[in-house]
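The same chain A turns up in both complexes below, where it pairs with chain B and then with chain C.
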Partner chain A sequence: MVKKIREIARKLLEEGKVDVVLGYEKGTEPLSERPFVARTVEEVERLTYSPFAIQNLATYLPRFNNNKVAILARGCTTRAINVLISEGQIERDKIYVIGIPCNGVIKTRELRESIGEEIEDVSIQNGEIVIKTTTEEKKVKFEDWLNISCKYCEYPNPLFYDVLVGEEVKPRGGGYPDVEDYEKLDEDKRWEIFEAEMSKCVRCYACRQSCPMCYCEHCFVDSTEPRWVEPGFDKTDLESWHLIRVLHMAGRCVDCGTCELVCPEGVKLLFLTRKVARDLKRDFDYVSGLNPEKPPFFGEFRYDDKGDFIL
Partner chain B sequence: MADYEPKILTILCNWCSYAGADLAGTSRIQYPSNIRVVRVPCSGRVNPQFIVKALRDGVDAVWISGCHPGDCHYITGNYFARRRFYVLKDLLEYVGLEKGRIHFSWVSASEGKRFADIATLVTEEVKKLGPRKKFVKRR
Partner chain C sequence: MKRVPLSELERIYEALKSYGSVWVRKKNAYETAETPEELLSTVSKVKKPAKFIFLPEEEPLLAFVQDGKNVTFQEVIREAKGVIFGIPPCEAKAISLLDLNFLQGEGEDIYYKKRRENVLLFGLACLAPDSRCFCTTFGYGPFTESFTDIFGVVVDDVLLFEGITEKGKDLVKNLDVEDAKGEELKKLEAMKKEITERVKKLDIQGIQEKLARMMDSEIWDKISSSCLGCGACTYYCPTCYCFDIQDVERPNWGYRLRTWDSCMFTLYTLEGSGHNPRPELKYRWRNRLMHKFNYYPVLYQEFGCVGCGRCIEVCPVNIDIREILMEVKNEPIRA
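So, the complex of A and B:
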C-alpha cells in the first residue's frame, strides 16, 4: 500500500498535477505517524501509511487553498472534505483525492501508555499488533485498540476519489452503543463522569487544532468580548469550552475521532460528539458530510422538525 | 428551601412573547417575579451559547420563548431556533444536568394568560429542583 501511495504521489508531483501531497510520515517514535506535506519527488520517499496515522488530513486543506493538493483520504476524510465544500472553505476540483479504504485507526497514545516501557518496534500481523519493547514482545488484538468511531464506522470507504489504493472494505457496522450505554446511567452518575473527564482538560486545544471543522480564525474560546469561557481551570469553564465546542460540531463533526486521539490528557470527547451525531441521525435523518450540496444542519430546518419539548 | 427564590433568565422575542408578557402586565395577571426578562428581536437570535453562559454565570434556569411556528415576524427564525434548542437541551441532559433547568415555549402577543401560566409553571418547577449544585462556578 505504501509503495502504491508513493508511486501515485511521485507521478502527480513529477507531472506537475499537484503542488503538494498531504500524507503521513513516520513519527519520532514507533506507533506514531504524523501528517507530512510532500512538496518534491525526493520527499515522496518519506510518505507512509498505517493504522497509526490518526490525524484527519482534511484539517490542512483550507491552508492550501492557493495550491493544487493531493490528499490521502479515508472515509471520514472525504466526509470532512464534503463539509468543508458545503461551508465554502475549499473547492473539490482543486483537490486530488487518493482514496484509502480504511480498516480503522488505533488509539496510539492509550496503547503506548498501557505498554509502559520503551517501544522499539511495532508491526501488525494477522489482526494483532505486535509490540517489541526493550525487554519483551507483546501482542494485543487490533480490534481491542480501535478508535471508538472506527469501531462503529458506517463509511470506512472514501465516498469519492480520483484514485483508490487497495480494495474497498466492509463496514464493521454502525450504531452508537457507547452513547446508549451512557444514557442508561442515572443523571448524577452522568454528571460525575462528565465532570471527571472535563476536569482532566489542560486547555492545550490540540483537539481544536486537529479537527477538520475547527478552521475558525477566531475561536469562541479565545473571545474576550463576550467572554464565553474565562481563562483558568474552573470546572465550569472547562465544561463550557467542551459543551460549546460540541454545539459547534452539530451536523459538522464527521466522527473521525482525531480530537480524542490527539488529546494528551486522554479526555474522552467522542461520547459527546457521537451523542449529537446519533440524535441528528435518529431524529432528523441527518448525517454530516454525505452531500456537499446540502446546507449545514443549522442552516436549514424542516416544518416538521421535532418540537414536542417546547411548551 | 421554602424561601428559595430562583433567578430565571427569560429571553423573549419582541414580536410575540414579549408582547404577550406586556399583555399579561396590562391585564394585571399575576405571575412570579423570579423571571428576569431580556428582549431579543426573534427567538432565532438566541445563540445556544447564551444559555450555557447564563447557567455558568449563575442563573438557576433559563426560559426562552418565541412566536408560534408559522407566526415568526421574520417568517422562519423560530424554525431555525427549534433545531438549536433541541440539540442543546438534549446535550445538557445527556451530560447529567437536571431536566427542568431549561425551558422553551411559544407564546403569542394575544396570550397574556398563557404567558403568566407558563411563567408560573417554570418557576414552580425550578423551585422544586432547588438551588443548582451542578455547573456552579467556584468564586
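So, the complex of A and C:
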C-alpha cells in the first residue's frame, strides 16, 4: 500500500499535476503517523500510511487553495471534502484524491498513555497491536482500541477518488449504539458524565484546530464583540464553549474522530458530536458530507421538516 | 548530604508540611499530598508542569461589583505557600527562566512573585529520562541541583538530600536526619554518570546566531506546514508564559481575568484595526522558535527551552522541536 502511495505521489509531482501531496509520515512518537506535506520527489519517500494516522487531512485543504493538491483520503476525508465544497471553501477540480479504503484508526494517544512505559516498537499483526516496551511485549486487540467513530462507521471507503489504493472494505456496521447507551442513563448521570469530561479541558483548542469543519477565521469562542463565551474555566463558560462548538457541527461533522483523538487531556467529545449526527439522521434523514451539491443542513428550509423540538 | 530511608519519610514530611502545602508528582499534574506515602511518587514527568502553580491557567486579578451608580473594586491576589517535592531539574530550571521574566526590573509581576517567593523547590534527580528528553543540550542534566532549594536523589531505598539555597539549608538544618553514608554517595556518583549519559544531547551550537539571519528563510513554510495552530505545545511547555487579560462580565459584577495565551494562536497578535503582523502560521512558528532560541539568549544569555520534550508529546501532529532545531542547523543561509 505504502509503495503504491509513493508511486502515485511521485508520478503526480514529476508530471507537475500537483504542487503538493498531503499524506502521512512516521512520526517520532510511538504510535504516531503524522501529517506530512510532500513537495518534492525526494520527500515522497517519507510518505507512509497506517491505522495510527489519526488526523483528517481535509483540515489542511483550505490553506492550499492556491495550489494543486493531492490528498490521501479515506471515507471521512472525502465526506469532509464534500462539506467543504458545499460550503464554498474549496474546489473539487483543484484536488486530486488518492482514495484509501479505511480499516479504522486507533486511539493512539490513549493507547500510548495506557502503556505507561517507554515504547520501543509497535507493529500490527493478525488483528493485534504488538507493543514492545523496555521490559516486555504487550499485545492488545486492534478492535478494542478503535476510534469509536470507526467502530460504527458506515462509509469507510472513499465516496469518490481519482485513484484508489487497495481493495474496498466492508463497513463494520453503522448505527449509534454508544449514543443510545448514553441516552439510557438518567438525566443526572448524563449531566455528571458531561461535566466530568468538560472539566478536563484546558482550552488549548487542539480539537477545533484539527477539525476539518472548523475553518472559521474568527471562532465564536474568541469573539469579544459580541462576547458569546467568557474566557477562563468557570464551568458555565467551559461547557458553553463545547456545547456551541458541537451545535456548529450539526450537519457538518463528518464523524472522523480527529478532535477527540488529538485532545491532550483525553476529553471525550464524540458522544456529543455523534448524538447530534444521530438525531439529524433519525429526525431529518440527513447525513453530512454525502453530496456536495446538496445545500448544507442549516442552509435548507423544508415545509415538511419536523418542528417538534422547537419550543 | 543527609539521608532518610524511604520508609521513614514522615520524618521530613511534617517539616515540609509546616511550610505550607506539599505538592507531589501525580501523572497529570502536581497535587497537594495528604499522606507522607505520596512523597514516594515515581512519576518521572508530570504532564502538566509545576508552572501551573506559579502561573495558573486562569487567575482573577481584580473583582468589581456594581450597585446602582456605584462600582466597587477589589484587588485579588492568589497566593501560594509550600514546597514542591520531587520537581525534576528541567522544571526547576524552567522556573528559573520564568523568574528572569517575572521577577526582574520593570517586568516584575506581583502575582507571580507572591507565589514564587513562598514556594520552595525540593528537587529530585530524574532517574528515568525518557526518549523525548534532551536536557543535556542546555548545559545541565538530570542530576543538576542548582535551580532548586533542596536537592535529593533516591538511591535504592534511601533519599539523600542537601540544602542548596539559604532557605533550603535552613529547612534541612532543623530536620532530625543523619549524614549520608560513604557507599551511598559513591553509588550516587555512578548513577549520575550512567543516567546523564542516557539523555540524547543535541548539538545546537551557533543556533542563536544562525536564527538571527533566518528571518526570511523559506524554512518557516516547511516547518509550519503540518502545524494546526493550537495551544498545546505552549500550554504544556514549562517555560512558556504568555498570557491574556480580559474582563469577565456577569450581571452587575465581574472580574479581570488573566488566562494563558499562546503565540501559536491567530489572535495573539491580531490588532484592533484588523491588521495582523503575523498573519500566517509560519510567522507564528518563527516567533515560537525565535523566542526560545534567539530572543531569550539575547536578553538573558539563556535558551528559553529546557529540553523536557513535552511539546513533542502533546502536539496533535507530533511536530518535534528537536527535528526542527536540526533542520535550522542544516539549512543553508542564502547570501
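Throughout what follows, the second predicted complex is superposed on the first by the 308 of 311 C-alpha atoms of A that agree within 3 Å, B and C clash if a C-alpha of one lies under 4 Å from a C-alpha of the other, contacts with A are read in each partner's own complex, and residues count from 1 in each chain.
Keep this in mind: a residue touches a chain if its C-beta (ideal position, glycine included) is under 8 Å from a C-beta of that chain, and two chains touch if they have at least 3 such contacts.
Model, not experiment: these values are computed from the prediction.
Partners chain B and chain C, brought together by superposition on chain A, fit side by side with no clash. By the document's definition of touching, of the two partners only chain C reaches A:Glu118; chain B does not. In the superposition on chain A, A:Leu243 makes contact with chain B only, while chain C stays out of contact range.
Look at A:Gln89: by the touch rule set out above, it reaches neither chain B nor chain C. In the superposition on chain A, A:Asp283 contacts chain B only, with no contact to chain C.
Applying the stated contact rule after C-alpha superposition, one finds that A:Asn291 touches neither chain B nor chain C. Of the two partner chains placed by superposition, A:Asn67 touches none, neither chain B nor chain C. Looking at the shared chain after the overlay, A:Asp234 reaches both chain B and chain C. Once chain A of one complex is fitted onto chain A of the other, the partner contacts of A:Tyr182 are limited to chain B, with no touch recorded for chain C.
Between chain B and chain C, B touches the greater number of residues of chain A. In the superposition on chain A, no contact is made by A:Thr133 with either chain B or chain C.
Taking the Cα centre of chain A as vertex, the centres of chain B and chain C in the superposed model span 90°, given to the nearest 10. Taking every C-alpha of chain B against every C-alpha of chain C after the fit on chain A, the minimum distance is 6 Å.
On chain A, the surface touched by chain B in one complex and the surface touched by chain C in the other have residues 234, 237 in common.
Within the complex formed with chain C, the residues of chain A that make contact are 27-29, 32, 34-37, 55, 59-60, 118, 202-206, 208-210, 217, 222, 224, 227, 230-234, 237, 262, 264. The part of chain B that touches chain A in the complex is made up of residues 48-49, 52-53, 56, 69, 76, 79-80, 82-99, 103-106, 118, 121, 134-138. In the complex of the two chains, the chain C residues touching chain A come out as 47, 57-58, 130-132, 225-226, 228-232, 235-236, 244, 246, 248-249, 257, 259-260, 262, 265-267, 312-314, 316-320, 322-323.
Interface residues of chain A facing chain B in the complex, by the touch rule stated above, are 182-183, 187-194, 220, 226, 228, 234-237, 239-240, 243-244, 246-247, 250, 272, 275-276, 279-280, 283-284, 297-298, 301-303, 305-307, 309-311.
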